[in-house]
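Following: one structure in structure tokens, then a few remarks.
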């Protein structure tokens, strides 16, 4: 971890120093222990503020499009963009790199303007899980490849694998997408069993309809409609989000459970075939909702039905922008006579 | 010179030609013998190779044809007499009485329900009954009933029965109807009467006519069809049981000089049999065993070979053998007995046998040919010229479709457009002379007005009123918000009601209209015209379908039907409230064409357009014209190509309207239909209204397993190389033994399609060689002989000359070796299963035709799709064979798919015809209901550009905003649904309109 | 043998003044004309009959018309309900297996294997009597019936006409 | 004969594509195939036009069922609209089931212009399956009071 | 279908003499027209006998397998039933080709009885009984019937009756082995009341000379029959059952 942090600081400083990039997106230490914040370093000196640890849970690509845009000069409509716009550096793990792939495909970031440094990832730690074990009094954390050590908590150390964020615990693509990386830092990556990757989803699926509805309605009844999930998501970049649309008004603004449900369904659906399970939404949610379950369910179906995984093949068309004549359609209602004798 | 055209036969070809001609400035009289148009295609269930529902793709064309201002549809009519000369024919058409007034008939079907006389339903090949008063089929055009005078009780015994007249709510029955003679003056005549399926009754060994479960393929189409006699449940005739084992017998009434006397191949049966097998398997409740018994599998069209392969994967059994006799077994089952390829007798038990019957000229068509004084060929089809495949022997009389040779739908449609083109060329001076254009008053701008909605509720006689309480619905609608007028009409579509409706709109100052009646599919345009007559934009209109989707389907529940009608009216009112006036979009046309490719196809297109007075730029990458035709010796009919080619080249060369650019290619292009700007490699910038791509193809250079010493042994040649030798008079007569290998590079996993031309080409060449030197031994090593249509004659000729055909398969390729400079070919004879050894002094490889790799780049320039094999992909394989989905761009020739010269020429003519539709006008109409981007909401993700099949959406990467090219948009809404940001709306079908309808539907009353 | 004479006259262009006809055609004609009166009343037991279409008479000779005549005569003679047709039949019927000189050539096993087609076809009808209006067919059908253990009786048509004559 | 005053009748919002399914529905009428009167048809150009929002909106508005029908794959008048639609429907349908919406509330089908009887059959099936579920409550924004009562009764 | 190297057909060394001979004798043979579709084989009950089928027979001709053609037993498995030609899309008369190949064998190589039947018929009739025996048997049987069945006392079996309206041939089997089988037909003819006659020469209608393969023998017997009937002056020649 420390080695990687050192490497990031060094490369960011070099790139900034050489003016190859004008900014580098990374993390700095948060105000509380076990937290980090997005940080944009704009000089070699600032690059020294960059940190890398198990609590870099907010997807840095989230701020990439707006940062890139900030370098664009004001223009009259119809004027072309200059060719030599400043570049931005960013360090990305597997899931973030796949977000980058989507952003490239959706024109939210230009490949020409991004220096992407691929990072190995051993999985990020779940602050909530740790605090549940250590108590709230932790003042300092240090980490090795296997373990985390706490100062001030009721527990001195925890195994990394026991306190992984759920998205990291089910991650099967920790390696950055090499084809869109400018450079890659080699290192060990988390190695999860692919068979269990959708266990969280399968657990819900196993319930009956009423059970699932009870789960869904109770889970999402806590939502306060703060939209932190949306704001943390690197894929939510519509100028006007549907929740803010007035004509037509898709969802009411109040805390009506129907409106809240539809917000979450549509938000998840908008991520279908695009979500890389980076977990930022959950990390950002002040109410601790298991938001990922919806997007993860979609991930699972996209894999099952369309053999596609967001960003894994960075130049393959996104699943909802293409089709195959042989796509499955078991959900299609058939006239009764064509279904055989027994139905 | 007259500006009108007589088309005889409402087949798909006739309908397509009528539309092409009427849309490009000619008035069309379309004469149809039966009571409705649609031809054989209307009887089909699905169509190959796309498995499109036939009715689904055909209906819109028929409706368009029926409603066209410049098409005069004459049903129940026959040509009686023709005089005059090309450009000025005088014809008499006899129209038989319908006994139903089509202006009054509302096709409610009350008459047929009450008619006591049951008659065999010819449309379903007599497999069920219709009534003496009947609708030909549910989607027919005109959608009007007719009385069958042979069976009608009243007409045979006046005074008896008359039930139909008693129940007809529209007073449409007219027993006193008489026949009428139409004397017309037309510039040209086009024959498109279609074909008849061979009747196998004479073939006693099939048992057809005696064994109930032996049916023809056309009968099977009806059995499969949801609108057929068993509503698509696939029941076998004897006992209604669903068959689980079905056998198809190929070449019934085709390729048979003995019993049917049809020596030609009917070209379509192999494919339709595969299609039926696949569809039957899909239909079946349990696993259906489908077997096809055939001699040569002829899947020579685009996508056919892949379809064939897919069918094999899906378990369709292909047995290369022919069944001699079908014998009955217990429980109405049947036994087919055949000798397999080894010569062992086998017996299969099946539940149903389908005879894949061929196509024949009808007696009526022969009479017609006689009347028109056009020659027939040896197969009794209309005789045509390979270099003008739609011209008959008589000038001014043209032909298209299966009446000149058995052919599939796309080829018929190609010919229809080609024939239209030839007529356009001939009559181009009279364009727009006899056509009419609808006139409407200026439209009132209602933008600032508050909605004032009028609701007209139709009783449709008792069709609606008999179930729905129309008074209640009318009163209810008056109370709906913004509704200022509501009225109940007996027949909303009757002329007096229409007139009165227009008046009401004006008097009441209505600015939105709802008609609650039947279906918008048949009546929307009528009411929309009424709005226009009243000075309202036609998009300020909605229909509530309270007949077809309400009163007719809830006949026993008037209360619920009335409630539903109210809901439907409320929904329509909600939807129309937000409707906006939309522009009648038009695109200005630059009256010039760009033709890319100077081969036979490109030249034909260029000449066809130039001869109509349109300036054409013809761009050819090589430094001479002619393309592949330069290397061709003979057509399959044995006609020399060179002479005709040189004629064409010189015509192009000296044509005032053609600017020829040799050694030039296309670099880039912008714009769309009506106005393209293309930059050429010489730097020239062209402005043109349409683009035709005819960039050709090329022969494959044999490699790998299929190289057969090509390139290393000089005695190994390709077909074109031998053609070139023949063209340069190199003495070929001294060759003692020649061996041809077919399918070199075709129908192999790496190149899975059939190249269509090589069988015929190779055999024609072999025949020529054999005639040069009758002592020459010639052997053809083939996989399936695909001399489709009348090309079968060449195959027969070759055999009759002693050319021997030996079949090989992919597991047993011919082995070609060289020993001391002497070629040795080994192959296994497919009958004796013994190895045969040849020492030929000429080995000819019939190599595949492949697409030019550059085709892909050109396709990108004009945003046109290509298929996996690199050929350009047309808009629709069946009904739009020369169009792209993108308007204003057309294709012809080998770049579409391998094809012989005459088909390239026909396709080039067709492409020119389609281009003429644009070029003949100053403005071309475009869709009004189009998508529109709200730039404030667009994030520039580009999703919409990937969803649009017409390339109407583009993304500006500088502004990161998408936009819609209105002239290309067809209003499907795929982009709207795909846009997460709701940045695209579909005009008048925006989310808010649909939500308004949903909310209205769910509103509690 | 009908075909041999018919085709011989034709092929070798043999001059002749007579008209060449089959007795089957005449039977049918005479019955239709009322000159030959027959009544199936004798068949009170309801013996079931089927028929062999001689290749040389039917397929190669006169074709379906004579096969129709043959059936007409049989039905008149034994009662319509007592006739069971074979399949394939008339011009498309199987050869008995004794034709073309097979009965004389001596390849008995082959002839009988071939004849199995005919035997099975005839047995399927369940008929008690097979009418074979040809000596060759008669000989072969008797032989295969015997060889394959059939129970039907093989006879000429004339015997039954005589039985039914009134 | 249904008594609309006493027996609860589901309301099923039905989106039909213009070219195939709407024509198929018309053909059912022309052929007089009878089916339950519970659907309310909204014509859309193509099943590819169907935004998932529209389906959710109908559910929110209280539709007891939503049915979307387009051309059979390969038959699309707009070439590929139904293929895109099929992907969207597959994902949305599963997601709705996942969050506990009753399986039959939202259904999809293909009906061609020639399938009048099939249309009637599908409508009967869908109506029956929705009727079995009872009035919609999940995702419904303003559940009418009497339905709440009914639901409560049903749960007893 | 493994390729067998054992009997490779070397095109270079083919004579195709048999085919040539056939085509000379029968210009409409059209052997080359064959599509090898196998329709003939599917309907031929002899398919499989001795491993051959009509399609293969044609192929032997086309590929010049003369030796095999000259020795094959298959030409005697074919019963000349013509179910093949009945449906052959190319109208190939396989039966006639078989006969021509039969004819290429010397008389000694042919099945003895087949040739013998023809030889006898060429002499008089296929069983070889003397014509006088035939005349006697007819007379004898007739007499017996007249005596034993009083209702048939006036039954006729005319012989050599000049100018009779109908001439009737007789299969040689009956007078030879089961003479009483002639009676039913006599009775029928009598009942109908037609004027008919037998001939005492060339009376056998069997025509076995069609089968060994010598057309001239066949021609001879038919010609003899025709001459006989014309000599009797009968306007109609009835072929018996």
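Labels A, B, C, D and E are assigned to the chains in the order they are written; within every chain, residues are numbered from 1.
Basically, a contact is a pair of C-beta atoms (placed from the backbone, for glycine too) under 8 Å apart; a residue touches a chain by one contact, two chains touch by 3 or more.
Computed from a prediction, not measured in an experiment: that's the story for all the values here.
Enquirer: Which chains does chain B share as contact partners with chain C?
Expert: The common neighbours are E.
Enquirer: State the smallest step count from chain A to chain E, taking one step as a move to a touching chain.
Expert: Each step joins two touching chains, and the minimum needed here is 2.
Enquirer: In how few steps can one go from chain A to chain C if every step must land on a touching chain?
Expert: So the least number of steps between the two chains is 2.
Enquirer: Out of C-E and B-E, which chain pair has the most contact pairs?
Expert: Most contacts of the two pairs: C-E.
Enquirer: Relative to chain A, which chain has the most distant C-alpha mean position?
Expert: Farthest chain from chain A, going by C-alpha centroids: E.
Enquirer: Which chain lies at the heart of the structure, taking centres as C-alpha averages?
Expert: That would be chain B.
Enquirer: Would you kindly tell me how far, in whole Å, the mean C-alpha position of chain E lies from that of chain B?
Expert: 56
Enquirer: Determine the centre-to-centre distance between chain A and chain B, using the mean Cα coordinates as centres, and give it in whole Å.
Expert: For chain A versus chain B, the centre distance works out to 50 Å.
Enquirer: Calculate how many whole Å lie between the centre of chain B and the centre of chain D, each centre taken as the average of the chain's C-alpha atoms.
Expert: 33
Enquirer: Which integer distance in Å separates the CA centroid of chain A from that of chain D?
Expert: Their C-alpha centroids are separated by 35 Å.
Enquirer: In chain C, which residues are in touch with two or more of the other chains?
Expert: 91-92 - these are the residues of chain C that touch more than one other chain.
Enquirer: Hunt down the residues of chain B that sit against at least two other chains at once, touch-wise.
Expert: In chain B, residues 205, 325, 947, 978, 982, 991, 995 touch at least two other chains, as defined above.
Enquirer: Give me the residue numbers in chain D that touch at least two other chains, ranges are fine.
Expert: Within chain D, the residues that touch at least two other chains are 52-53, 57, 74, 80, 84, 88, 115, 117-118.
Enquirer: According to the definition already given, which pairs of chains are in contact?
Expert: Listed in label order, the chain pairs in contact are A-B, A-D, B-C, B-D, B-E, C-E.
Enquirer: Given the complex with chain E, which residues does chain B contribute to the contact?
Expert: 205, 251, 255-259, 295, 321-325, 337-339, 341-345, 737, 777, 779, 796, 799-805, 807, 812, 826, 828-839
Enquirer: For the complex, which residues does chain C have touching chain B?
Expert: Residues in contact with chain B: 64, 87-88, 90-92.
Enquirer: Hey, which residues of chain D end up touching chain A in the complex?
Expert: 52-53, 56-57, 60, 67, 73-74, 80, 83-84, 86-103, 107-110, 115, 117-118, 121-122, 125-126, 138-141
Enquirer: Give every residue of chain C touching chain E within the complex, in rising order.
Expert: The touching residues are 1-5, 8-9, 11-12, 14-24, 26-27, 30, 35-37, 55, 57, 59-60, 91-92, 94-102, 104-107, 110, 113-114, 117-118, 133-135, 139, 156-159, 161-162, 165.
Enquirer: Which residues of chain B touch chain D once you look at their complex with the stated criterion?
Expert: Per the touch definition, chain B meets chain D at residues 45, 50-57, 59-60, 107, 109, 138-139, 225-227, 231-232, 519-521, 545, 547-550, 552-557, 559-561, 563-564, 567-568, 571, 875-876, 885, 929, 947, 949, 970-974, 976-978, 982, 986, 989, 991, 994-995, 997-999, 1001-1002, 1004.
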